[in-house]
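Residue numbering begins at 1 within each chain, and the chains themselves are lettered A, B, C and D in the order written.
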Amino acid sequence: MGTIRGLQPDDWDDWRALWGGYLAFYRAELADATTRATFDRLCSGMDGLFGLLALDDAGGGIGLANCVVHATTWSRRPKCYLEDLFVSPAARGHDVGRRLLEAVKQAATERGAPVVYWHTQQYNGRARSLYDVVGRPTSFVVYEM
Amino acid sequence: MGTIRGLQPDDWDDWRALWGGYLAFYRAELADATTRATFDRLCSGMDGLFGLLALDDAGGGIGLANCVVHATTWSRRPKCYLEDLFVSPAARGHDVGRRLLEAVKQAATERGAPVVYWHTQQYNGRARSLYDVVGRPTSFVVYEM
Amino acid sequence: MGTIRGLQPDDWDDWRALWGGYLAFYRAELADATTRATFDRLCSGMDGLFGLLALDDAGGGIGLANCVVHATTWSRRPKCYLEDLFVSPAARGHDVGRRLLEAVKQAATERGAPVVYWHTQQYNGRARSLYDVVGRPTSFVVYEM
Amino acid sequence: MGTIRGLQPDDWDDWRALWGGYLAFYRAELADATTRATFDRLCSGMDGLFGLLALDDAGGGIGLANCVVHATTWSRRPKCYLEDLFVSPAARGHDVGRRLLEAVKQAATERGAPVVYWHTQQYNGRARSLYDVVGRPTSFVVYEM
């Protein structure tokens, strides 16, 4: 595998394709304007967002991580919500996901956020077998209203 | 029960007592300076934080809700993370928790955040029996690193 | 403990009180007309409904079980959905719940339904510790739309 | 994809093949007489049963949904139990499952049942990733005796 680096405006085509695969995984649809606005904020760092992109040896995008750094009531330092993580199906099995998670941790630390957290479907065995190694499960489940 | 309203600087004593009970529930300790900084931000709205306080008929604090409005990659509108919710043990059984949740939903909506989410221990039956009615469970669990 | 028997029209007052406690447990509200119609159907056996009532030694109602016998695609015989089970808080710890479950099983068998099933909150430890003994857990969770 | 419509007596061969695949998924065996009786009831609407069939462009059966409309103690209107849902492996990935679920919802509504519910194995990630989008998870698990 090649490298992992911060998302840049020139990455639009690669990022858009990965984002589309990610949305399809969740059977979700999103307005193009929202996708574009998210990409712009991930590149610029606006609203606490930042994005990482994993590249193969040829420089093509094979994975993404989208993060939101936000305040918390438990600390004067912010924490980092890893909102989206995706590796292209063709690139799986080569530790791209693990390296993205480690890069998120480092990037969050650089931004003053000592804790990274994320949500995953309780039944997503494939993802959780990685998360259990790189991170740690909690006893928390997520509610919405 | 009395009212629910936004947290104000004069509420420090009441809020501090409730926050202490909440931390004890999670067997957590927090530096006083952090607690004070969190209170100040909850009152001022800085960093997207806001706090609600439930008062009994005599005007004493009986419940708190601490929230963080933050950006999300899935929408151009922010979402609201209900980070802390606590009702004084003596005040339980009178719908204070439900009314706090409903007030959070309204306050989030007013701040442009159409979705409120929160975390709860999967085995916290008392809390979840309320959350199942006011909100909706998801299939997501929480990881950290 | 006294006896368990089929619900009768004269049981309205006792049943109504238990049903109210049960609804409160789920923080639910139901129109009176619905409650009355359910009671009438549970007594008459209409629409496959039947009800059981547990009585203490003095003949007062201390527990209820409401069931629906309905067809299934897996058998030519119907199955029995135990939709509601409730024991008065004051009467707990005396095997009323277990005896109600056993009586439901017998009543279902008499109605030609060899299988009884029910739903419970995954986090309801108190109830599940009984269900694990009298019945058997499955790997199934419940979805709605 | 072609259409989704109510099950008809002429669909026996198609339905039988899908039902066989469904039973194999659950490693279950069923007497032929039971299967035939279920099919007949799904076509005729007897005992509250109804069936839907998904067809490909050539008119071949690629998916089934078997439902039971039954009474409930919580409402004077019945609810709809989606007991069986199956899409032919060769037809997966084309939204047949989602369309069947939506058609079940519509058919249930037409029969006066405003709520559809179903059971799924807690670890069936493939199915649940769809159910999480079309429906909503609950906190309930299933017991039997």
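Rule of thumb we're sticking to: a contact is a pair of C-beta atoms (placed from the backbone, for glycine too) under 8 Å apart; a residue touches a chain by one contact, two chains touch by 3 or more.
Predicted model, so just to flag it, every value in this text is computed and none were measured.
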Using the contact definition given at the top, which chains are in touch with both subunit B and subunit C? D
So which chain is farthest from subunit A, going by the mean of the CA atoms in each chain? C
Could you classify the subunit C-subunit D contact as same or different, where same means more than half of all interface residue numbers appear on both copies? same
Cα centroid separation between subunit C and subunit D, in whole Å? 27
Whole-Å gap separating subunit A and subunit C, where each centre is the average of the chain's CA atoms: 47
Between subunit D and subunit A, distance of the C-alpha-averaged centres to the nearest whole Å: 36
Can you tell me which residues of subunit A touch two or more of the remaining chains? 28, 121-123
Category of the chain touch graph - line, ring, star, complete, other: other
Using the contact rule from the top, write out all pairs of chains that touch. A-B, A-D, B-C, B-D, C-D
So, in the complex, the side of subunit D touching subunit C is made of residues 28, 30, 33-34, 37-38, 41-42, 47-49, 66, 68, 70-76, 78, 81, 83-84, 101, 105, 115-123, 131, 134-145
Subunit A - residues contacting subunit D, complex: 25-28, 121-125
Would you pull the subunit B residues touching subunit D in the complex into a rising list? 128, 132, 136-139
Along subunit D, where are the residues that touch subunit A in the complex? 98, 122-125, 128-130, 132-133
